[in-house]
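Notes for the one structure printed next.
Chain lettering (A, B, C and D) follows the sequence in which the chains are written, and residue indices restart at 1 in each chain.
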Amino acid sequence: MFVKQTKQYSVGVLGATGTVGQRFILHLHSHPFFKLVALGASSRSAGQKYSAVTRWKQSKPIPATVKDMVIAECTTDNFKHCDIVFSGLDHDVAGPIEHSLRQAEVAVFSNAKNYRRDPQVPLVVPLINTDHFEVLAAQRASLGLNKGYIVANANCSTTALVVPLAALEKAFGPLEQVQATTLQAISGSGYPGLPSLDILDNVVPYIGSEEDKMEWETYKILGGMTQDRSAFDYHEAAPLKVSATCNRVPVIDGHMVCASVKFAAKEKPSPEAVIKAFNDYRCDAQNVGAPSAPEQVITVHEEQDRPQPRLDRDHQNGAGVNVGRVREDSIFDIKFVVLANNVQIGAATSSVMNAEVAALQGYV
Amino acid sequence: MFVKQTKQYSVGVLGATGTVGQRFILHLHSHPFFKLVALGASSRSAGQKYSAVTRWKQSKPIPATVKDMVIAECTTDNFKHCDIVFSGLDHDVAGPIEHSLRQAEVAVFSNAKNYRRDPQVPLVVPLINTDHFEVLAAQRASLGLNKGYIVANANCSTTALVVPLAALEKAFGPLEQVQATTLQAISGSGYPGLPSLDILDNVVPYIGSEEDKMEWETYKILGGMTQDRSAFDYHEAAPLKVSATCNRVPVIDGHMVCASVKFAAKEKPSPEAVIKAFNDYRCDAQNVGAPSAPEQVITVHEEQDRPQPRLDRDHQNGAGVNVGRVREDSIFDIKFVVLANNVQIGAATSSVMNAEVAALQGYV
Amino acid sequence: MFVKQTKQYSVGVLGATGTVGQRFILHLHSHPFFKLVALGASSRSAGQKYSAVTRWKQSKPIPATVKDMVIAECTTDNFKHCDIVFSGLDHDVAGPIEHSLRQAEVAVFSNAKNYRRDPQVPLVVPLINTDHFEVLAAQRASLGLNKGYIVANANCSTTALVVPLAALEKAFGPLEQVQATTLQAISGSGYPGLPSLDILDNVVPYIGSEEDKMEWETYKILGGMTQDRSAFDYHEAAPLKVSATCNRVPVIDGHMVCASVKFAAKEKPSPEAVIKAFNDYRCDAQNVGAPSAPEQVITVHEEQDRPQPRLDRDHQNGAGVNVGRVREDSIFDIKFVVLANNVQIGAATSSVMNAEVAALQGYV
Amino acid sequence: MFVKQTKQYSVGVLGATGTVGQRFILHLHSHPFFKLVALGASSRSAGQKYSAVTRWKQSKPIPATVKDMVIAECTTDNFKHCDIVFSGLDHDVAGPIEHSLRQAEVAVFSNAKNYRRDPQVPLVVPLINTDHFEVLAAQRASLGLNKGYIVANANCSTTALVVPLAALEKAFGPLEQVQATTLQAISGSGYPGLPSLDILDNVVPYIGSEEDKMEWETYKILGGMTQDRSAFDYHEAAPLKVSATCNRVPVIDGHMVCASVKFAAKEKPSPEAVIKAFNDYRCDAQNVGAPSAPEQVITVHEEQDRPQPRLDRDHQNGAGVNVGRVREDSIFDIKFVVLANNVQIGAATSSVMNAEVAALQGYV
């Protein structure tokens, strides 16, 4: 099912001057069917040109078409003319404006964490569970809306872990146990984020509330919906137990996860079968022709010392995930390492790809 | 049992110009009862002054008493007058000379891996299993020796893991499963070791044969001896299953291990009980008054983001280990993080402390 | 003068498995008029597929068209069918084969240092002195050749410095004094290059023979040819004195140079005039339409803390240089900072762009 | 002149919870004649135990004697009983309280920049110009004080540069030109200081107002006093011109400076003579027996790639400076590289050593 898209959509970006906002802009400024028409930031920046107030931190320059766009304050009035709004806001301000835009019948795709736990908000990793969009009807209905809704994307470390897990469940049935230890890049904590004195020649074995997030987000993403598609019901759907341990390492971009999994089924797949399942895995974003979808969702590396953040994070523009070292585990069944680009598929790319799929499937 | 030591021992260092050798020298140059009398290196350096041929890589300068010592080639004749020889040789040359010195009735304490798997060579982490020296009688007997023997110390990553495991076994009985994921410092691979292009802004999820080493070394160290003290019999002694995953991170010194453990006993200790067991743990090296023994074997950090390599690796001169984040695990029973200074307790300090205990217990 | 190129040239790469060779391949595999037909490496790799023997270290994957190419040994017979050969060989092996290929009437563009000091070999930074190709006639004549020659490109740190110097000389006449202090990336020393233990959390204030190279290469590049175009005569042409100080810093790619310059003319340009001269500077590579030429040779950054290696090294694919902090100097006249991508314009890109200009100007 | 000190002094530390304050505490907690009696911080921390409110960032633990000390607010009343107060305050709050304590007849040794430019406040690098204490009489007189005064220490990068310059002036007479390019550690900007995303795999060629500071502080420190010792008169005393360029590099501690100097005298010293002058240089802090004074003020390294921050910053506890690569300069006369530990002699150590000299010379 490849859908040819001709319609154009007006899109806006909230938090456009921040690091996630900057990534949104790089994704959207020359998009085939999203037209960037509005940039939002705090009242302090409002009324000024984008290039004048932004501490641009990307290795690609500010797109010429965006440089002189005038920033608007993040109010409903300023963004209600958009078909889609992408939110790169910090969670401390994201809640009310995202809700208010939804009430104004805007489709909101948010990278913030505020509505991730909401039982009627789909938490979507576009390489896995775009079928969770089915709950949007119930979300709209319960708020009396025709078009407005909120879709959240997952935390960056969850995204890395959950993509290969989804491929394994698809091929071999439910998982019973997942042990995940992360080595996460500093860009995961935003800018300014970690002080350099804390991380140079160092590792920090703690990231606030990250372990908890990885555990329940995995349950929600891999879990099911209620029979009537009115909400998520992941507690029952998941016999799965996830134990996450999170570390920060001195790497710019690219979260690595060392994962061990135990399958529910008695018959255990071999490492070779697992590699084949990873290689064969495809997703709806590919099937509907989402422009940001990677050619290969999971790239399996054969070299025994790969994937590595610096060498593999930009593969396919960071839109897929990389897996390596698939081998047997003496306690669990299989272990492997995953690398995902936390600022691409782990953040802005996820929101954009979610919106692409939603648009192509008629949800916008 | 605190033994006051008055006897002096003549000691030599093999591989004295390498990084492990440099650490040996810093430990030994002003030792209370070891007198450094011989330095060995390759024939290329032999006959020259230590300071003239050594690429010194320590932040403390070459000790004044060592600077002008003349290097000898690593032959039996050059070191057979020593009571004790410490070997910092690479494994590709360590085997024959260590064996030959043992045959010359020298007590050899080796940091090399060559004899670690030998069933009559004790693999000793001085904070844990100096009781394994009991096998030395059998080692000597089978070779017809009076005084000569080889004692090996463990791999640096094993050392970090196995100290808290020993404390847990002592307090709560046998362990059933241990899942360990490491974040290891670059100094663990010696000098020149890792090229900078491989590790700056990067993580390497593979260290050759390290995972295998961590697993079976843990079995041998925590395992038992045969009833007649003639050899190690760790296969039967260990119902324990260890699954290790090893990563290299851009940290100079200090190996971190994220560990999850499952106890064999039905009753599981609480995190508080585990913390108490760590705090209370003492070892023979402390009891006999080994000069290099730390005051506290396991230092438990209360801050949720500690231990960290850069801040905690030099605590007690790196002679103990640091533990933090002791908490329940949703799959195993308890998880925590360990930090050990891989170039101190993970290498030279272990050999020296082993020799101190051996000397104080009459094995030299 | 924009030359439309329709002719195709067969090109080979010596040292194809090394890091410079890998860069050559990324440049050449889809080039508009260079067709990559031969890959050379040591006899150990000869006869094997490129992907089988190469430790690929680039963030882009091996081009599909190159993966299965079979490696040839670097002999004259194996490469004499090429119109152009690019040499990414180490200097210890580059000399004889480069000479021998020249004798076989091949145009050799070398990144090695062997022939840089040869008075008949042009040392060409393609953004500056492609007019030095005029000496090639004399080079051929003295060797009795019709087509064969060697062109060298400059050392990476020289390249960074000399581009803005050339722009200043063009606009304001000869320079009298240049003081340059570098902060050079680790990739400048190749792979494996610097051990990570030497450079993590560190700076090394010394790079073997680099300061000398920066000084005399600058003289040759900025200097003149003899009147009859038979050789270079830079000693007389250069009243210029260069004092270089070179440091290695823990940066992957991108050499920075802090430069202070004193003009020979009495009237000194203002910082604004210098900025204008940098912005206005154009080169032959642009004029003849070399595909690898940057749109802007010197990009002047207005932010006071730019250029920075990580943010600016990939600007224009690293084919130009970046300048910032142009200001008055209390001892010299003007000071500024330059950043050049040492693995692009500082290495392979220079050779390729040199060959493009040579081809477009009829030298091949 | 070695003064044996028996008197004890009560000392306090302002800004005790910050990183400079933490260094002061490590210096003072077991000082032979300074007794630490008061710790000051913001009102938020006042009344609480030191260990409870401090984010301790040192690799040595909080001294046992300091852990339970109760923090006082930084008011005059809380510190006027001290003989000496060390100020580790930020410049935005340091001004009024330092002045007020001086008015309360306390001797204030400040690491803040507020009074550095005051013509009656000595700007003292203890390895150089403790003779500038002579101005204190005039400072007190103009404020009608008996004992109170303020002594400032220099900026960390200035300190590194100025120590070898002083040795050169002492041996060879006035300098005419000094060109200095720095590679400064991240700890120089305090905590949190630089975001890790700004400096990992990067260099920042700009440090706000640092170049200006290095230039005029050097003039004041190397310059003279008015004939009546009532003030500093460095403008006339200094024919010297300094041109500074400042860079931030990813190094934890240790500022490096690449310096080129031109002597006023016609006869230029050889590199050997310069090395001898560095080796022979002694200072008052040594002569009066200041406990924190290094044995050797300037350590000259013979290896061509030293000093290096990671290997040499802790030499002599960072109380001296390290010099290397002394060689001729083709534009200036001599060039060399200096390394100083910016958090030791570049900050807290300077204040403490200044106070030690002041006490031993009867200024307290």
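Note that in this section a contact is a pair of C-beta atoms (placed from the backbone, for glycine too) under 8 Å apart; a residue touches a chain by one contact, two chains touch by 3 or more.
Keep in mind that what you see is a predicted model, and the values were worked out from it rather than measured.
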item: Of all other chains, the one whose Cα centre sits farthest from chain D; value: A
item: Higher-contact pair (C-beta pairs counted), B-D versus B-C; value: B-C
item: Chain A and chain B, separation of their C-alpha mean positions in angstrom; value: 43
item: Chain centre separation in whole Å, for chain C relative to chain B (CA means); value: 49
item: Centre-to-centre distance between chain D and chain B (centres being mean Cα positions), rounded to whole Å; value: 41
item: Junction residues of chain A, two or more chains touched; value: 57, 200-201, 250, 252, 310-311
item: Complex contacts: residues of chain A adjacent to chain D; value: 57, 186-187, 191-201, 250, 252
item: Residues on chain A engaged by chain C in the complex (per definition of touch); value: 57-61, 200-201, 252, 310-315
item: Chain C-touching residues of chain D, taken from the complex the two chains share; value: 177, 179, 181, 183, 200-206, 215, 241-243, 245, 247, 249-252, 256, 258, 260, 304-311, 324-325, 329-332, 335, 337
